[in-house]
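There are structures below to look over.
Below are two complexes that have chain A in common, paired first with chain B and then with chain C.
Up next is the complex of A and B:
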């Protein structure tokens, strides 16, 4: 894979809608501090496992998209569609019927909207007649609902792929999207990941033990990806280059997963033609300084200990979307504003799935292309 | 560009487990539809589905512990184990990281999701079993395959609904053709679930007793389940180890209607067929058989037939639906279609559309009604369409 460029992007995080909100939040953040998130208050009727969560307060898709077509959106779909709109706008993509078949959508998730699925199932269990469910909401129970609605909203007719990757979701998306572009299936991919904040995710995060330190969060991050020599309609600036992506699996987890993760690091460095010492920052999925399950094997593979950024400390456990938030932070942060800065994005899943991507951030505002 | 071949298939289905039983069922037009037992269907007016009753995970799985993995993951791992055995492949001979698992699904671990929902209703959110929550993420389907076979390559679950396993087979094709893999286990898995049964019923898309695709009086789908995995290899890898080659994977095409969440669009489906043909280097006149998406709803079969006639003209190749036997196995459906296509090429017959009684003059296609038909099959088009307007078509050919 020769890599792809990011011509524009956006992120919806607990900081708010868009790149500026994210950047502002980062500027305010104390280094290393673990944020508790917003007070949940009366966001949901159901009891929640914690008083705080990393969600977007008073998020309304309608406010950004209008009434038409949004009435059946679940939260994840709303986040994804709004984020895509912002990313296309930020990239300056000119949409017309000639280019629409050449634009794909690749979206990462853990299992779509568990709330939509579970609420639907609940109706079949509590109604007098089990089939008294709303047919209009049935598509929301399918994991590719958000990606389908993104395509419908903007008329994107290229490959439309939903990747269920959990923690690995966003790296899987980058890998898959890069392939789709490289193999010529599409010229441009709007690639990202989304997770919603609901009682279902908040409780799952709490009960499976990954949220001792951070609460559950929600986010969407969408990135307009293209080949370096893609026509101007895909956007005229390069914000970053995703130079190489590798994913792998270590059967049984444990040492096999560590070996597989180190293998991914070696592969992306080799593919990108980068010396390990040029990597200055690693964005990992850990939360605590003492936890090096991910960073340890990476540092050993690199032969040095670069800066480690743990985005979940600021934005919560966003599962598949955490990787997308990490790339957003990478692109928004002042610390990497120097041209040519090289970073690794990494992930390690609960089973044995691992992955790494190497990203070069271009100067503030991006390089002019061509 | 390396050539890509099918050297093994692993069906875990309601009409048979393993290639021998599955092929025999296709040839005899056996139905796998039966009264639902995986959930309590009381209160539903329609109570049939294509459930897999005879799969004993413990008998098939060597490394994956059924107690720790959901039903769909068990189907995935079981199908992969069968596909490996059918390919007679010694995985220790494959370089580490050169064998991958790519699985498609519609609803992932839907049975687990339903069990958790029952716990929420019963005792509130805090009463959910953490062990069940651990089984819930859909990426576990591909991971189950990687665990079961000890694969250290990419482990990817594609959740593009009912075209998902064609998406998976397509990505596998790219990995192999592009030189990034020697072997890929690709396909899909899903489980029958209460919410899909209810949802399709309320859409008016659920048949009562039998699924009757391409029939004038077709009444809709029946939900089904299972796991379908193909062993895909580069031609060189297969040849070097002396493998039996069933079929060649010629290529694939994907696109998106981008119009409606549920209703398919004939012109975009036709365009997907053209993309698949172009990417595979075949013309419509080369295609001997179309393994239909063929859900048996009024709309799907009409749209699919229209697209076929737009692309192939007034005398299109025979097009049959194995969903008439299996029900709609959702994310596994295209995988079963690819396996049926492989068997059609290898064993020289067209699987039938069973339950067929009345021609629909509006469709204008030959659905291979009721009885398998002997045929020399050189090129097959395996159709897959999904909610979200996601079309994916895989092309298979006879081995050279």
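Up next is the complex of A and C:
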């Protein structure tokens, strides 16, 4: 891929709905701060592993989308659909029947709605007969439910893809979306990732020992991606350019993964045709200063130690959506406001999956071509 | 073999063609899948899923009715290719919702509405715990599947890939396909290439050093679509398994799969590797031979 531009975006995080809520949260954050998240209180009846979590308090899809068609949405689907609506609006995409077949949806996740799948399975066991489960809730149990509902809601008829990539989810999405645009399958992709905050994910996060320092969180981040010479209907500003994405796999997850991650960094630099010293910031999946499992190999590959931003400190462990939150933070922060600031987004999964994307943020939200 | 060879060559350790009504490769039609797979567990399984299970069963060389037991094979991945496998169920469920509301849908139909049911059923049935992929990318799904399979092997994500293609033949599928379909399935088992003479290999983009194939599957050779019919998403896997059959069972040695590149060489070929120093080899025989 030769790179795509972001013409607009939105994010739903524990800070609230939309870009402004995220920017406000970032402006108030102190350097190095680790957020505890909101008090869970009576959000769920089930016992939770911790008293706090990074969720959206009192989130209701109905408030943003109206009653129609939203009654069977699970939390992940609600987050994704609302986020897409905000992103399309923010980008200023003018939707009509001519452009709808040229817009695709690519969404990253770990498991879809773990709660929906698990509740449905449980119903088959606790009800008298398996036949008593509600078939209307079945669509929620498939991973591509959220991406499907996004497409149905806005009539986006281009390629519709769900990528279950775990930690790597969002980088896989950027790569897939870039290829789909590059090869002409679609002109525009609404690309993003979503994870919901439920007892199921909170316990999974705790029990797999992924994050002892930060609690589980939920988030959705959606980005309107197009070619650089994008048609005007896809939005008139260029907020950032995703110059190159690379993913790899280091079997076993140890040294092989470090080599693979360094390889990804070399590949994105080469593809984007830029010098390692131009990279000023790296957004990684770690949470502690002393933990350099991801940053270490990257810094060695770059030959210098750029600033490291750890978004999970503020927004919790959002698994596949953490990468989308990182891109949101990159776009919302003042950090790289200078023209041509280059950042790396990276991810390293426990199984040895690794990836990196190089992003150039344009000053002042980019050229206004309107 | 050069480093590039390692990237483009995989070992083909088994294959099958399960094509109901086609002489030589005949197999049980979906409604008689129990004669291959055994009776239990087939209730509410769709035709494409049944055909896929039959093809995998035969590629693994199992006796009729044999059931897998033992631990999950975490190194074995499944890549399934099918475009129209579940459209009949989707149409049926949609009609039921329209006519009777959500309560009119049978819960047992629900899993079949998800297109990846073919890939996941194969994994559950045979105990394959590795990566699980479903490709619904049109008539080239089989080629895309081969590419995915070789990536899984090269990256070390899997030590074996079960590449299976299956397509049904029903009214809804034919309407969506805009033409008659032929129902059938095929399967190939792929492993990372290791140097051993007399084994069967798949070369993607064979280099110039390779001898040109004696026979070709596809345009200019054995044209599957013309001779047997349109297998849609399963087409690429049917071609691959047929090439393996011709290379080994019919002794052709190397069989190319079209379309040809501009230099006249095939994009993919299946071959029995030549013995080094003239030692005699005994190419293994496929389950269909």
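Everything below uses one rule, namely that the second predicted complex is superposed on the first by the 368 of 370 C-alpha atoms of A that agree within 3 Å, B and C clash if a C-alpha of one lies under 4 Å from a C-alpha of the other, contacts with A are read in each partner's own complex, and residues count from 1 in each chain.
The rule we apply is simple: a residue touches a chain if its C-beta (ideal position, glycine included) is under 8 Å from a C-beta of that chain, and two chains touch if they have at least 3 such contacts.
Keep in mind that this is a model prediction, so the values were computed, not measured.
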Inset, instruction - Put chain B and chain C onto chain A via the superposition and say whether they clash or fit. - result: clash
Legend entry - First (chain B), second (chain C), both or neither touched by A:283: neither
Inset, instruction - Would you sort A:142 into first (chain B), second (chain C), both or neither based on which partner it touches? - result: both
Inset, instruction - For A:168, decide between first (touching chain B), second (touching chain C), both and neither. - result: first
Inset, instruction - Considering only the touch criterion stated at the top, classify A:101 as touching first (chain B), second (chain C), both, or neither. - result: first
Legend entry - Which superposed partner A:156 touches (first chain B, second chain C, both, neither): first
Inset, instruction - With both structures superposed, pick whichever of chain B and chain C touches the larger number of chain A residues. - result: B
Inset, instruction - Once the structures are superposed on A, label A:46 by its partner contacts, choosing first (chain B), second (chain C), both or neither. - result: first
Inset, instruction - Figure out whether A:179 sits in contact with chain B (first) or chain C (second), or with both, or with neither. - result: first
Inset, instruction - Could you look at A:111 and tell me whether it touches chain B, chain C, both or neither (first, second, both, neither)? - result: first
Legend entry - Partner chain in contact with A:200 - chain B first, chain C second, else both or neither: first
Legend entry - Intersection of chain A interface sets (partners chain B, chain C): 130-131, 133-135, 138-139, 142, 144, 248-249, 251
Legend entry - Interface residues, chain B side, partner chain A - complex: 42-45, 63, 97, 101, 105-110, 113-114, 116-118, 120-121, 124-126, 128, 130, 133-134, 136-141, 143, 146-147, 150-161, 167, 171, 174-175, 178, 193-196, 198-204, 254-262, 268, 271, 386-390
Legend entry - For the chain A and chain B complex, residues of the former touching the latter: 46-47, 49, 100-101, 104-105, 109-112, 114, 117-118, 120-126, 128-135, 138-139, 141-145, 147-149, 151-152, 154-166, 168-169, 172, 175-176, 179, 182-183, 185, 199-200, 203-204, 207-209, 247-252, 256, 260, 263, 349-353
Legend entry - Complex contact set, residues of chain C against chain A: 102-103, 105-108, 110-111, 113-114, 155-157
Inset, instruction - Give every residue of chain A touching chain C within the complex, in rising order. - result: 130-131, 133-136, 138-139, 142, 144, 248-249, 251
